[in-house]
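Please go over the structures that come below.
Both complexes shown next keep subunit A, but they swap its partner, so subunit B is in the first and subunit C is in the second.
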Partner chain A sequence: MRISALVTSITIIMIVFFLFREGVGIFKSPSVEKGYVIAVNKSNAVETLNSTQLKNIYDQEITNWKTLGGKSQEITVFRVEDITNYYSEEELGANMEYLPAKISEVLAKTPGMIAFFPSTYLVKNFKGKVLPLKNISVANFLGGTEWFPTAQPSAQFGAWPLILGTLYVSLIAILLALPLGLATAVYLAEIADKRTRNFLKPVIELLAGIPSVVYGFFGLVVIVPILKNTFHLDSGQSGLAGGILLAIMALPTIITVSEDALHNTPNAMREASLAMGASKWQTICRIVVPYSSSGITAAAILGIGRAMGETMAVLMVTGNAAVVPHSIFEPLRTIPATIAAELGEAPQGGLHYQALFTLGCILFIMTVSANLMAGYISKKKRLA
Partner chain B sequence: MHKIETKEINLHYGNFHALKGINLVAKENTVTALIGPSGCGKSTYLRLFNRMNDLIDNVEISGQVLVDGEDIYGRKVQVDDLRKKVGMVFQKPNPFPKSIYENVAYGLRVNGINDKKFIEERVVSSLEQAALWEEVKDKLNKSAFELSGGQQQRLCIARALAVQPSVLLMDEPASALDPLSTSKIEELIHTLKKDYTIIIVTHNMQQAGRVSDYTAFFYMGTLVEFNETKIIFTNPKNIQTQNYITGRFG
Partner chain C sequence: MKISINQRKRYTQNIAFWIFRLLSFMVVAILFIILCFLIYNGIKVISWDFLTQMPEDGMTKGGIYPAIIGTLCLIAGSMVFAFPVGVLSAIYMNEYASDGWIKKLLNQMTSNLAGIPSIVFGLFGMALFVNKFGFGDSILAGSLTLGLMVLPVIIRTTEEALKAVNDTFRHASLALGSSKWQTTRRVVLPMAFPNIITGVILSIGRVSGETAPILFTVAAYFLPRLPHGIFDQVMALPYHLYVIITSGTNIEESRPIAYGTALVLITIVLIMNLIANAFRRYFGKKVKMN
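Moving on, here comes the complex of A and B:
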């Protein structure tokens, strides 16, 4: 017994440790993939760039070095493939063997140029200035609103839409599932006769065993079209669809756990209340439910945990758009869905890979704080 | 008119005949003790008076139970109202998971009383009546579970008194308590007798002798003997009663 407890604890600690070790790594590296450099003309006064600035330059949203603290000069964007605009194929050689030297040359010739190319093309007497790049900051990661993990030259890791998406979906789910689940639990534990209870309880427990992909299908085929038609949306795939689906998925847990808690309320409590002339409803609301509040809190925590961590079903119905959602009818994307969808494409050890681990850390912190909050609330309530 | 009266009460739990034709009267402001071996039906009988047996499935009752001359199983009777008139104290102390104050106030609140001042006065007077006020007056907002078992039981009595019943049913109220707490409860029963009609189920012969004016001896669902406590304990007419009281069985 002690050994299994020990093994479990060590496993949990190891998971957390591993998660955070991998996840924190991203803040030690710049947003440009390893093996590539950003270089500018030597006369350029700009010393460093961060990922957002880089992206804006390459999206041509920033077109003058003045915006970035340099001289007033047009920015010329350069990618490796642009080299053919400056030199003919003969000049570059049959096997492009002169390419590195030519990059160096064109950079030296063009004062406003910024170049992005693999570091293997960096010649010995490079005539440009390689820009040292800023590391990805925590604030940028958490607060950034753009998630383009594979963008070139600079990946954009703005987790804010994903965090918000997760919160949205979980909040909708728990707001729907908790009252409904609690009401069902009260019905089962206090009102339903034995036969109804013996029939309904196994059915509800069966719901917990349905694979989430199946729920996803259900959501896609039933909930999404209903939402689309009811609210006249372009697409029913939305945060609301995810929330509803998650609520359905969290219901069995919430019902069974809180029903158990309600059922375990000593009969002496009910009898005492009824003997005071309280009605059945008063007894349920004022005695039975408060008495089992810790069990109900546990049910809520498990429900929230399931909602936040659920991956597949949400991936299938939320529309998967990594944008900041402005209403519950818009498509969004959650953290677990992002991890599941992108991990397969992310090269191991790369920037993208690490970013997904960081997302995992954020999710972990979110669930833990939800648990702590629920515990705090129920503790406060019990004292009152 | 008697405060409490039962006429030819028969009660079945499914096929089990638990009470067999019980006739009994209790006068106002007296204490009636129900004694008898386990399973004799005394607790079932007690629970007739506030209709707690209603909570159990498959119970069939025939006969009449009169409180203040009114048949409490009649059609017009509101069970909630009946239970306000007939309070109950249970075997094990069962305070609610609330503060001491809220435990006593509970009965008032569920009856729709919101007047703060009124509730406060009633809480204080109930706790005083239950001889608990001095011990808890400084910690009314503490959880009731912080009290000792004996204090909890007196709290349950105070809770029952708060709705001002006229009858108090006690189901072995001291059986889970230590001797000191037990004697406090017994003293309390003595003082409460002035204002309430009390029916108490007890396993403890001495307790029945100490606190009650009348004693009813139950055996196998029948009322074997009912008389003044003095007579039951000194000169029982029935041989079974005599055997039980002298400890030969039970």
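Moving on, here comes the complex of A and C:
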């Protein structure tokens, strides 16, 4: 029995352990997939590169070594398939058996070259310089604005648009849901008679029970087209669509928690207010709601926490564009949606896989801190 | 015309109450719009064949039989795990543990577990059950993941149920010389049982609808046969719905199937909720009369 009781705690510990074990791994490796190397000419003064620099080089946004602290020299980008530009097929051999040697040769010949190739092609007396690569840093991961997890040669793991997208949708959701939820909670707790309450309560429970895919489906076939037509958008899949859906999904949490908070107001305070000649409405406005404000805040935070972690519905209606959102009508992408959409394609143990686990860690920290904060706020009031 | 303060008070109150009533019924309206929409579009598709046939033609025709069976397997599997663990855990926390830091910690952990997003459970299930334990994508891995996810629901409702049992029964039983375990087993549990079952039914509703935790632990994209054992993959209703609306071979043509699947899924959830409610009402009265 004691063991059963410990299962929840053990699970949490294991979740933390596994999530972080897989997730932290990404900070111990460079952004180039294992088994590949980046090499330059021996005369090159550049010591190391990070993932953004690599990407910019291969996108030809940086074209001179000077920008990277080297000598002023044009950068020549080289991928394995470019070898045919330098050597004929006979020179490479029928089965490409001379390919490794030729890569080494071309590197030695071209001073401004940077090459990206599998490490199996590294010959013994390699005539280039293999660049040691910088590990992905925490700051880069959190602050980077580009999410191209499968880009070659250097994957880009910038989680900032995803984090922002998650917060953004949750915020829209809570702004929509809070007024409605609070009104319903006040109505349920203070105004409605017993019959209405007995009717409303199960309805709210049902709303909480509807699976998120079904919400997503509804959003996709109803809300998205409506948004598209009303606001004349290219695609209705947007932060707003996600926000509306999440608002509906967060309603039950907000209603239940704030109703509990309202119920906790001592009757003596209500009676005192009424005895002073205040109307029921004045009592609600001035006494009950202010008294339970911390509980209502907790409800809002819990609602945000719920909204942040929601996966399927958001995945289906937000359009999944990993960019920093500028308006509510633009598509965006959240952390859970990214995990759900990409984990299936990420090879186990690879960089992409680890990056998704790191996202999981971030999400975990965000939701747990929301929960703890909500708990703390509602507890503080009880002591006062 | 002059309005007295009292009148104005009454007017404001009336207006405010009407607004609140309106807003509350908007919540009801949302639910009814969703339900009506699904029922209206889905009812045309539902037939005996739809429920008992394999999907055909890239999931644009045929039925959803394997998905229904898969979901039932997952429900059974997760309950086999979560029910005993959850109930025992709640009994320990409510009947045995003394008020101390351990109980506080367990409580805290339970509510934390309840707040973890389902996709994180999916990640965890994949890392631990699928990869570490080597279960692969299987009913076993999926059930365990889902079971862990609904554990807090079962613990919480069982705790509530146990708390609802009046202490006088416990004292009476103990005074007759029975041990703590006998009291729990013969007196407290039978009285709390209906409410515990309510929790189980609610969590069944939750299990049948969750998609994110099964994405990487069990769900099969397309598998038109029944599972052979607990290490087999299955299709599941929520994942099937997700697949045919977002990444099926022909999204437009499989729309009717999507409506049908959504309706079946929501019917399961609705029925579970109704049963739970009926249970609570019926036995709630009975316990009170005792």
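Observations on the model:
FYI, the second predicted complex is superposed on the first by the 344 of 384 C-alpha atoms of A that agree within 3 Å, B and C clash if a C-alpha of one lies under 4 Å from a C-alpha of the other, contacts with A are read in each partner's own complex, and residues count from 1 in each chain.
The working rule: a residue touches a chain if its C-beta (ideal position, glycine included) is under 8 Å from a C-beta of that chain, and two chains touch if they have at least 3 such contacts.
Everything quoted here is computed from the prediction, not taken from an experiment.
After overlaying the two complexes on the shared chain, residue contacts for A:P290 are found with subunit B alone; subunit C is out of touch. Look at A:Q282: by the touch rule set out above, it reaches both subunit B and subunit C.
Taking subunit B and subunit C in turn and counting the residues of subunit A each one touches, the greater count comes from C.
In the superposed model, A:E271 makes contact with subunit B only, not with subunit C. When the shared chain is aligned, subunit C comes close enough to touch A:F357, but subunit B does not. By the document's definition of touching, neither partner reaches A:A139: not subunit B, not subunit C.
By the touch criterion defined above, A:A94 reaches neither subunit B nor subunit C.
Residues 279, 282 of subunit A touch subunit B in one complex and subunit C in the other.
In the complex of the two chains, the subunit A residues touching subunit C come out as 1-2, 4-9, 11-12, 14-15, 18-19, 22, 179-180, 183-184, 186-188, 191-192, 200, 202-207, 209-218, 220-222, 248, 251, 255, 279-282, 302, 305, 308-312, 316, 336, 339-340, 343-344, 348, 356-357, 360, 363-364, 367-368, 370-372, 375. Those residues of subunit C lying in contact with subunit A across their complex are 9-10, 12-13, 16-17, 19-21, 23-24, 26-28, 30-31, 34, 37-38, 84-86, 88-89, 91-93, 96-97, 105-106, 108-113, 115-124, 126-128, 131-132, 148, 151-152, 155, 202, 205-206, 208-212, 215-216, 238-239, 241-242, 245-246, 258, 262, 265-266, 269-270, 272-273, 277.
Listed in rising order, the residues of subunit B touching subunit A in the complex are 50, 52, 55, 80-84, 87-88, 90, 92, 94, 96-98, 106-107, 109-111, 143, 156, 159-160, 163. In the complex of the two chains, the subunit A residues touching subunit B come out as 266, 268-279, 282, 286-287, 290-291, 382-383.
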